[in-house]
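In what follows, structures are represented as structure tokens.
Two complexes, one shared chain (chain A), two partners (chain B, chain C).
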Partner chain A sequence: MTVLQRLFNFLSSYALATALLVLLFVYTLLGTLEQVEHGLYLSQLKYFESVVITQIDLGACLRALNFPTGDMKLPVLLPGGYTVMALFCLNIIVGGVIRIRKKPRTIGVVISHFSMAFMILAGGVSMHTKIEGNLSLLEGQTDDQFVSVDSRVVEIEQVEPAAAGGKRKVLVISDSQFSDLAPDGSSGKARQFTSAELPFDLTLQNYAPNAQIKRDDGADGRRDVVDGYFIQALPKDPEHGQNMPALHAIAKNKKTGETQQGILWLRAAAPWTVKMEEKTYTIDLTRRSWVLPFAVKLEKATREFHPGTQRPRKFESIVTKLQDGKEERKEIKMNEPLRTNGFTLFQHQMMSGEDLKRTENASVFQVVSNPADQWPLWSCIAVAFGLLLHFSMMLARNVGWNEWLVAGIVVGVVSAYFILALVKMY
Partner chain B sequence: MNQLSLRCPAAALLLTVGLTSCDRFDQRVVEITETREVSKHASAPNVGVSSATRFYDDAQRDESGAPMNPFIWTTPTGWTEGQSNQMRVINLTFGPNNEGECYLTAMPGASGGVEANINRWRGQLGLSPLPAADVEKLPRKTFLGGEAYSVTADGDYKNVGQEAPMKDYRLVGLIQQVSGLTLFVKMTGPKALVETNQANFESFVNSINFRARQQ
Partner chain C sequence: MKTLIIAAAIALGVCTLNAEPTLAQLRDPELVNAFATLPVQEAGRIKPLDTVARYRLLRFHGSRVVRFENPETKKADKLSSIEWLLVTWFKPDLAKSLPLFRVDNPAAITEIGGTAKDRMEGVKGKYTYRDIEPHRAKLMELAEEYRNLEPKNRTPIQRMIADLGVNILDYEMIVGHWDSFRSPFGKEPKLPEELAKALPPPHRIPTALPAVLKYVKDHPEAAAPMSNPWMMEFMKGALGGMMSGNQELSYRIFPPKVGATEKWHGPGWIIMEGLQTGEVTADDLAWLADYEKVFQATDDPVKFKAEAIALKSKIESAAAARNEGSTVKLEASYHKADYFYNAMIWFVAAIILLGTSWLIPASKWERWLTWISWAAVLIATAYTLTGITIRCIIMQRGPIATLYETMVFIAGTGALFGIAAELLTRRKLGLFIASLAGAAGLFLSIRFETADAGDTLVQLQAVLITNFWLATHVPMINLGYAACMVASIVSGLYVIVRLFNKNLAASDERLFLRISYGFLCAGLFLSLVGTILGGIWANDSWGRFWGWDPKENGALLIVLMVLITLHARMGGYIRDLGIHACNLLLGCVTVFSWFGTNQLGVGLHAYGFTDGAWDNIRSYWISQFILLGGIAWLKWRGKAAPAAAAEPSDLAEKA
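The block that comes next holds the complex of A and B.
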């Protein structure tokens, strides 16, 4: 048996499938327990979006199970959730689509396996291409910009002189380029950024993942004080979106070497202003945002709760979609999102005017752009169809009916159902 | 994808050496390649804002460094001063069990407008909204140098977050738009208690001023 044959056999084996499913079960268990202390976002990153897992926080898992324990971190080297799912997809394709005996009788099984692989592929496409954020509107307000909950960026905008034609543009530094600049022990870390559009180079340093800005009273003789303020690091909040990061920024004139220092903070009321070479720039640590190809105006937001509870019964927003001079009235309800232009707007939250101390209600939409948005639905339908076909033919064989007649009936009934559904939809 | 490129290694090395006292300087110089167009609906950036304002620290401070209330006032005799907060810049209570409340709220901008806020108050007392023409007919009182809308209304009062309304309450309030703010002075309590404290309310309102105007 050649090496390639052995590899083929291994990749298509039940043993591999079983091992991968066991690993997925274990990761689901560990991720669920760890997220109590580490939060959903970080646990998801560690167990389900990682290539390798290098550590398991046993202490956090035990504490989640009400076993009081100290710090217990177990170093491991395990394939991460991403790797496991990629291998599982390969296993299904090699074993369930390529290696399987392809006879007319196994067509249902082949369809089901192919659909399962397609579902895993959908997860991969979603992970790599999906963008997701929130669009918040008060009644009467119009906007076309949605902002990320988790992803932060440093944005630099030239505000004076203003951009020609009034089209504002910002330079963006992604958090993946500065979130590793957290001080390590007593020493800080720094990185320099440059652009031909800027008269200065920007150095970012000493990133604090969660911080508050404090006024310096001069008593501690701190060296990291900028304009009378310093960054006081706070413990990280398990809910990633709740953390308020901060960092130091230094703008250094490319010609003269003159420097200006500022503190960037996610919660700051306004950006840091830099004036250099007779131009004015704002530099801001903010949430990543995207612009929709259409604008949304919130006309009315209605919310109802089940009597005596805070459990929502009805969250409903009436909006107007504004695009290219055209206006379209739409409704967005719980479980009935608006799908348009490749974006899906889900009803996410709603605040009453009383909550906000305003006269208008507010609605928050979760905006998702995901090319694989509907792929899991299609693959679920295909898996169900494949299994229905397979089990119907098996049943027919066992009771002595004509299995191909039964298969034809199944295909006919399913096709009729979808034709009727399509007719109703359009 | 952003490109990582090493520019002027010698300069980077020098800079690194210069900063090694406490900072570890990444020798790479990262080219900023990502750009984003700003929505036309986005507000204009605030330029030249001081650090104190950016970090919510622009309240005036007393000798101990504690932030000072932006308003000054005289608390009527027999009334109790409570802790101020974001929604109640001045927070006073009165009555045998402190069941009477009187507070000042300052909101930026129009805050929904006078008519909507008066009708919000009326809604809290279970009363129907007043049409705009009737709102304009409401009496005015001098407050902070301007003319404030004056509201007196009776009903069963249900404040934000309360489940059951409180019977036979009176609300006395003023709404005034001044200096880019909308100011609300609101006194509530059992009707008889509020009636007996009407003069205290007047003296309290007349005593309120911006701290900055006094300096």
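The block that comes next holds the complex of A and C.
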């Protein structure tokens, strides 16, 4: 047996399938329980989007199950959720689609396996390509920019002299490139960023995932004070979007070696300004943002409650989509998003003018761009059909009915349903 | 003499007090029915007053019936929820002596300075208002302190005291419901001179309210209750009219005119709103006058009944003009029929009958008992499905939107699954599964309802108001739970039977395996498709197909557990006993997904949190692990080996 054959056999084996399913089961359980203390964002990164897993917080999991316990962190070295999912997808394709004995009786199984692999693929595409953020508008307001809740960036922009033609040009450093520069346990860890367009190199260090900026009174003899202020780390909020990170930035003139220091903070009222070689730059730690290919104007935001309660019954926004001089009136409701130009706008939140102490109501839309948006729907239809076919035939065999008659009925009923659905839709 | 009494009453500045109706008068069926079907707007929907009474009583008492010694007959007696409400409204002295407040742990009573009841004294764990009244100040102080603690950090006793504090406050408002009509400014009113001149006794709320509003408008300082005892009494009466400190549970029975606000008005609300805005409409004053007529007629049984019926008719007509209240009578009859309790009784009867039939095999009696069991299961299932259907009609939506509804739905569908299995196998095992699943699910729902003590017919949040998804994803997921629980129950039964019957026939072994395996496969189909449908719904509502939310993960855990079982079986890593063991674990996973994920308190699906649910969940897990121990013991004793070895291909072929 050649190495390739062995590899093929291994990848298509029940043993691998069972082991991967067990790992997925364990990760799903642990990831669910750890959310209680660590929040969704971090648990998701650790268990479901990771290449390897190096530690399990057993204490947090037990406490989530209402077992009072102390700190119990278990060091491990396991393939992460991303690795397991990729392997599982391969296992399904090799074992459940390619290697499986193809006979009329297994057609339902093949369809189901193929659909599941397609769904995992949709998850992968979504994870790598999906962008999402919020677009907040007051009634009468128009905007084309949406802002991420979780993802933060450092933006560097030359503001003086302004760029020719009034077009902004912003250099962006993603949070994946500075969020590991934590001061605890890795003192002095810093990273330098350089660009031919800048007269300085930018060094980032002392990243605090959640912080406040305090004025230094000189009593502690701190060395990390910048212009009389320092970064005071705060405990991390399990809701990642609620954290206010801060970091220490140093701009070093490429020619003279002269340095300027500043503190970047998500909540800062204004960006840090650096003047170098007759030019002025702003450097800002901010939420990542994207520009839509169209603008959205909020015409009316309606929020209704069940009478006499604070239980919302209806959220509805009437918007105008503005693109290339054309205007289109659209409605966005709960469960009825607006899908256009590859973006989907969901009704996310709504604030009354009374709450905001303004005359206008406000609406927050979640904006998502995901190429795999509808793939799970097709996959669901296929997997349901495959499983229904297979299990109906299995049931027929067991109770002594004609399995092909049953298969025919299932195919007929499902087809009729879809034809009716299509007729109703169009 | 009568003239003297009236003169004295006028001199005291109080309105004439009506003679209290007798208990027998309050229990007149027509009167009770008139009040029971009175439309009320509460928690955003129109419901019968009977529903309000039922859940208030359930919250205070832990039961919908109050047992007491009837002072008129000196015999043991009981009051239904609506009768209890009428007694509390119209016979406050008797009401305060009813053993009403349920306090399970005597330590809670001791902590507020009261004397815990001896086990043999009165109704166990039930205290009258008079028992608690002397310790009210301490109770309120402690309740306030414990309410400010994180719910998760409260001890059971602290929870009990916090709940008792809220219950006492609400109860006092119910007892004082008619105070605005009885004596709007208290028993010995000391009104400011100007107001007293404008309002000669007897004081009646429909006429007093405009005068008070005018007076407060001219003298804004009079609106401060702490410095104006008469205003304090006036506001206390208004609060009694609202019947609850919770705005959403405020008592609203007057439908506004067609086209006006959706919010109904209530006697307390009209007074409080008047004090806030300085205005009261003529319509509202007319409603107050109509309401007052009922109270004024309490000393004349015939008139009392007539006024109550007249008020109800007027409210019904006003509601009908707004196209509201059409399901009030249906809801009252739904509660009266008590479908789920009756269904549970029939399911339990079926279990007993089937058990008896197994004790006398191959006899004429066995055949009869089997047929009667069939009838009992069918009656119970019909009861369950009727109850579910009526709930759908009342709420105009799919059958499941709350944790409670998942329980009754799973009980009903579990029974249907059992019936389907019985029709295919004809070995009585399916019938037994139907009875067990139905009885267990309904028992659970009744316990949950008692513990939660809130109306189970609730208005939905905006995101849930979509009939398509409520009719597809939600039932699918719950059918998946039902199928997985049935698979687990069958495996549990198998272990018990094997432990007590060393010589189980191979055909019986096959029967258990086939049924459990069949439901395992059905569980996979339903859970997988239901989970993906949920993802598609989430993609339309929240902008993501999958968000690793605990409830979503719970559904995924079920799917993964079934897939592990199927692939391990196909790969030959487990045999028949292994499938049963995996099914028991599947039951644990399903219970975690069904209830446990709600208890975590995080995520978008974190509805239906229940204090103390972890204890029940853990008890279930322990029971399943004991059964798993049984499987290990069977394996160790080699009892399973011959059967497994003899029929290794039974499922391999099927899969």
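Keep this in mind: the second predicted complex is superposed on the first by the 369 of 426 C-alpha atoms of A that agree within 3 Å, B and C clash if a C-alpha of one lies under 4 Å from a C-alpha of the other, contacts with A are read in each partner's own complex, and residues count from 1 in each chain.
The rule we apply is simple: contacts are C-beta pairs under 8 Å (C-beta built on N, C-alpha and C of every residue); 3 or more make two chains touch, one makes a residue touch a chain.
This structure is a prediction, so every number in the text was calculated from the model and none was measured.
Peer 1: Is this a clash or a fit when chain B and chain C both end up on chain A?
Peer 2: Here the two partners, once superposed via chain A, clash with each other.
Peer 1: For A:Thr280, using the defined touch cut-off, is the partner it touches chain B, chain C, both, or neither? Pick first, second, both or neither.
Peer 2: In the superposition, A:Thr280 contacts chain B only.
Peer 1: Would you check which partner chain A:Asp217 touches, where first means chain B only, second means chain C only, and both and neither mean what they say?
Peer 2: first
Peer 1: Classify the contacts of A:Asp373 with the two partner chains as first (chain B alone), second (chain C alone), both, or neither.
Peer 2: second
Peer 1: With both complexes overlaid on chain A, does A:Val36 touch chain B (first), chain C (second), both or neither?
Peer 2: In the superposed model, A:Val36 contacts chain C only, not chain B.
Peer 1: Taking the superposition as given, does A:Met394 touch the first partner, chain B, the second, chain C, both, or neither?
Peer 2: Second partner only, chain C.
Peer 1: Is A:Phe343 in contact with chain B, with chain C, with both, or with neither (first, second, both, neither)?
Peer 2: Neither chain B nor chain C is touched by A:Phe343.
Peer 1: Pick one for A:Thr28: touches chain B only (first), chain C only (second), both, or neither.
Peer 2: Touch status of A:Thr28: second partner only.
Peer 1: Which partner does A:Asp227 reach: the first (chain B), the second (chain C), both, or neither?
Peer 2: Only chain B is touched by A:Asp227; chain C is not.
Peer 1: Given the complex with chain A, which residues does chain C contribute to the contact?
Peer 2: 41-45, 247-248, 250, 252, 261-264, 424, 459-463, 465-466, 469, 514, 518, 521-522, 524-525, 528-529, 532-533, 535-537, 539-550, 553-554, 556-557, 560-561, 563-564, 567-568, 570-573, 596-597, 599-603, 614, 654-655
Peer 1: For chain A, which residues are in contact with chain B within the complex?
Peer 2: Interface residues on the chain A side: 142-145, 155-157, 159-160, 167-174, 177, 181, 184, 186-195, 198, 201, 205-206, 213, 215, 217, 223, 226-229, 263, 265, 268-273, 280, 282, 284, 289-291, 295, 353-355, 357-360.
Peer 1: Enumerate the contact residues on chain B facing chain A in the complex.
Peer 2: Touching chain A from chain B are residues 2, 7, 12, 15, 19, 22-26, 28-32, 34-42, 45-49, 51-57, 65, 87, 105, 107, 111-113, 116-117, 120, 160.
Peer 1: Quick one: in the complex, what on chain A touches chain C?
Peer 2: Chain A residues touching chain C: 13-15, 17-18, 21-22, 24-25, 28-29, 31-33, 35-36, 40, 43-44, 48, 64-66, 119, 122-123, 126, 132, 238, 305-315, 334-337, 344, 346, 348, 366-368, 373, 376-377, 379-380, 383-384, 387-388, 391, 394-395, 397-399.
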